[in-house]
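Two complexes come next, and they have one chain in common, chain A, joined by chain B in the first and chain C in the second.
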Partner chain A sequence: MIEVEDVYFTYPNGVEALKGVSLKITSGEFVAIMGQNGAGKTTLVKHFNGLLKPTKGKVLVDDVDTRHVSVATLARKVGFVFQNPDHQLFSETVEDEISFALKNFGFDEKTIRDRVDWALNILDLTRYRKTSPFMLSGGERKRVALASVLAWDPKILILDEPSIGQDRNQKERLRQFILQMNHQGKTVVIVTHDIEFVAECEPRVILMANGKIVADGDAKSVLTDPDLIAKSWLLLPEITNVLLNLNDLGFPTNVMDVFEAGDLIIERTGWARK
Partner chain B sequence: MAIIEARNLTYTYPYAESPAFKDVTLRIERGEFILLTGPSGCGKTTLCRCFNGLIPHFYGGKLEGEITVAGLRTIEHPIHEIAQHVGLVFQNPENQLFALTIEKDVAFGLENLGLPRDEMRRRVDWALKVTGIYDLKNRAPFEVFGGQQQRVAIASVLAMQPEVIVLDEPTSFLDPLSARNILGVINRLNKELGITIILVEHRLDLASRYANRVIVMNEGQIILDGEPRKVFLENEAALIGVGIPKVVRLYMLLKRAGLNIGRVPLSPEELSKSIMEALIFDRG
Partner chain C sequence: MSMFDGLKFRNISSPIHRIDPRAKFIYVLTFFIIAVFFNQLIPLLILFFSQIPLIIIAKVKKEWLRLIKGSSFFATIIFIMNVISLYFYSGYSSLASIIEQASAMTVRFIVLVESFSIFFLTTSPDMLGLSLEQIGIPYEFCFAFTTAIRFVPILAEEAQTIIDAQRARGLELEGENFMKRIRNYVPILIPLIVNAIRRSLELAEAMESRAWGATEKRTTLYMLKMERRDYCLILISALMLVASLYAWLFIKIPTMTQILNIQG
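Right after this comes the complex of A and B.
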């Protein structure tokens, strides 16, 4: 469980990135933290693994105050995958990259081998085992960064902008992968401004703007609210936009799924095939 | 008149076992807005690197076939010469910016051209104004947000007054509003200044409304090439992996259910309008 209690954070240059944030994420939840660049999303999640400590207020991870433990201790429990994989990767081969943390955590050789094989396989990287991460494409390097964190099986997984640079098929695989991890009991927190991706995953959504939480609820109610979305400088899902323009005809506006919208329109017009 | 012409172009990176793309034949006319898309690893970025001579001059490898850009056979001309005709904007602006102020960043390419001072100042001011960042010119590029950084990257390229600008996923690091605004800037470069645009994008939902032509690559080959509405309409199945825009998917769904709702939409507004018209027609 992650508990954030009235947290303020000011960077050394004086920028106030968090201004009184409180929230609770229980074990096994799937949460998307959304907002435009600069809203405070990444600053907030860097508090979850102790990378940043609150200027005021406190953060508890499984009842442990992050101010009193090292990042290394928290890392065993909280895996953090950065937005830019180049901030994270450094080894000569993909295999070395993934086994690095496992060696540091002191796993035995067989466990390391099994975990590396598993992580390579689940992220479709087996053929790159002996390749240098820097030879890979941006999307592939992101998967290597994810594999290297996943390998040590942290209870809480934090992914900063996981869908960037991923094509349609990879996004769908990523979505299924996240749901699978979540289904297996991991807490998954993604930081993203990819509205369509979140609309397809339907997690709990926490919306941030100017260092504060402006909304917290299920994906549908948050993402289809035009006022909230405008206030946080995002865009509505495409399908919501279509139905919003048809509001005068009495269509509901809290829809973001293609099939749901299709059913509603076909039903209304009586054109559906009998 | 063709600004880019490739004939039977095949390219293999050094030490690679198979070509990144093979036998590509392509003709791009002056003033076109091309949306180039396809799954990761399909060869689209590699193809773009041929447009400004990075291939073969920087990457090496083996380039077979013919490619001419702005009348220059790229294989015979150095990168800095081709760069005066073709500008390249990358995915992550951080990788492209380095100067202490935005103005200096935009001026950098021009300094290398040895232009007179007045001309340089005129071009820098112009590029900053066109991209809407003139007021930020004395700020450091790293102080401003991603969307503005990407404008700096575009301004730097624009100041060279190229005939073609190639943008490789310029919006993927940006939040949706900034992405939409950047695509608006790119559209103006095309419609108002007549610059040929080659935009590599996964986000067809935001980008296809601006393009006159969409080119889809897969496994090193061009598999589809045509006007966006026509390509979306006729090739739904082939486009599943590419991410056909959701408004197009909803349109197809309604059409298959027997609804007659005009042409393929490229934006939510277009689709709402068609549905609205169909409903009123139905009542009448």
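Right after this comes the complex of A and C.
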């Protein structure tokens, strides 16, 4: 469980990134933190594993105050995958890259081997075991970064902009994967401004703007609210927008699922399926 | 990074910012030469304090203070090294004069840092490149120079992100013994270097796609033109140089120890 209590954070250069944020993420939840660039999303999640300590207020992870423990201790529980895989890849082989954190945490050799095998397998990287991570494509590098964090099986998984630079297919696979992790009981927090991706995942959505939380609720109620979305400088999901424009024909404004929209259109128009 | 912040250009408007970089450079160079002339404490202190009004006019007091604070580490080392070497190699001096001489060397270092700081805080890299170009240095070198300066803060920011990413994977950077700590920096240095190389290759390609080096003679959007105030500054610099040369040759500068009449 992550509890954020009235947190303020100011960077050393004077930029006030968080201005009184409070929220609670319970175990096993799937949360998307959304907002425009510079809204404070990444700053907020960097508090979850202690990379940043609040200037005012406090953050508790499983009842432990993040100010009193090291990042390495918290990292055991909170896995954080950074936006750009090139900021962490350094090993000669993919295998070494994945075992790096496991060695840091002091796992024994057999566990390391098992965990590496498992992580390679689950992210479909086994054939790249002995390849240099620098030789892989962007999407594959991103998967290696994810595997290197998943390997130590953290209870809480934080993904910063996971869908950036991924094609449609990879995005779909990523979505399946995140949902699978969440079903297995992991708390998953994603930071993103990819509204289509979030609309498909349907997590709890926390909307941020100017260092404050402006909305917190289920995906449907937040993402289909034109005022809220405009206030946080995002754009509505495409399908919501389509039906919103057809509002005068009697279509509802709170749809964000493509299949639901299809059914509604059939129902309204009376077109019959063959 | 606090120290390098004191050398990073601040885009504010002030009379010092508007001075032609060439004139400003001559002024800074003059200060540099004068500081190297003198090794007595009193003239060096005068040099140090005479710069402060400029810093206030240029509105960069905060950055400048940060630089002085950042350089205090090196200043302390210089002071200690001087005290030690003066103590052993000029056995006849009194303790008071040893401390005075060591202080003089420390103040000299700070004056040098200070004058360069004024220059870099108030001169944009673009202007710097432009002035290099207009004194006839080939554009390739000017470009490499300004790009290098511009990339420093970007690299520093990137290094911080990499440190964060590796700490999130359980890397400890504090404590432990020295050799282990050095080894722990490998996961930070490799991504940093790889990214720097990748970025420079990308930059090169982007530049070439925008017709870098297509013509021999490049034109510029802004032309630097020396104005009256710039010539004035050069004149002041020259006078300062002559005056201090005179003082150096013909005036016997008393030491603090003599003024305060401390007996060693």
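Couple of notes before you dig in:
We adopt the following convention: the second predicted complex is superposed on the first by the 272 of 274 C-alpha atoms of A that agree within 3 Å, B and C clash if a C-alpha of one lies under 4 Å from a C-alpha of the other, contacts with A are read in each partner's own complex, and residues count from 1 in each chain.
We take it that contacts are C-beta pairs under 8 Å (C-beta built on N, C-alpha and C of every residue); 3 or more make two chains touch, one makes a residue touch a chain.
These numbers come from a predicted model, not from an experiment.
Aligning the shared chain A places chain B and chain C in steric conflict. If you count the residues of chain A touched by chain B and by chain C, you find the higher number for B.
Of the two partner chains, chain C is the only one touched by A:Phe82; chain B is not. With both structures placed on the common chain, the touch criterion links A:Gly138 to chain B but leaves chain C unconnected. When the two complexes are overlaid on their common chain A, residue A:Asn104 makes contact with chain C while staying clear of chain B.
Shared-chain residue A:Phe90: touches chain C; no touch with chain B. When the two structures are aligned on the shared chain, A:Leu51 is found in touch with chain C, with no touch to chain B. Once the two complexes are overlaid on the shared chain, A:Val258 sits against chain B while remaining clear of chain C. By the document's definition of touching, neither partner reaches A:Asp227: not chain B, not chain C. Of the two partner chains placed by superposition, A:Asp63 touches none, neither chain B nor chain C.
Overlap of the chain B and chain C interfaces on chain A comprises residues 84. Note for the complex: chain C touches chain A at residues 158, 161-162, 164-172, 186-187, 190-191, 194-195, 198. Of all residues in chain A, those touching chain C in their complex are 46, 49, 51, 70-72, 75-76, 79-80, 82, 84, 86-90, 100-101, 104-105, 134, 148-149, 152.
Every residue of chain A that touches chain B in the complex is listed here, in rising order: 35-38, 84, 137-140, 161, 164-171, 193, 195-196, 233-235, 237-239, 241-243, 245-246, 249, 258-259, 261-262, 265-266, 268-269, 271-273. Interface residues of chain B, counted against chain A in their complex, comprise 38-41, 45, 91-92, 145-147, 169, 172-178, 180, 202, 205, 240-243, 245-247, 249-250, 253-254, 257-259, 268-269, 271-273, 275-276, 278-279, 282.
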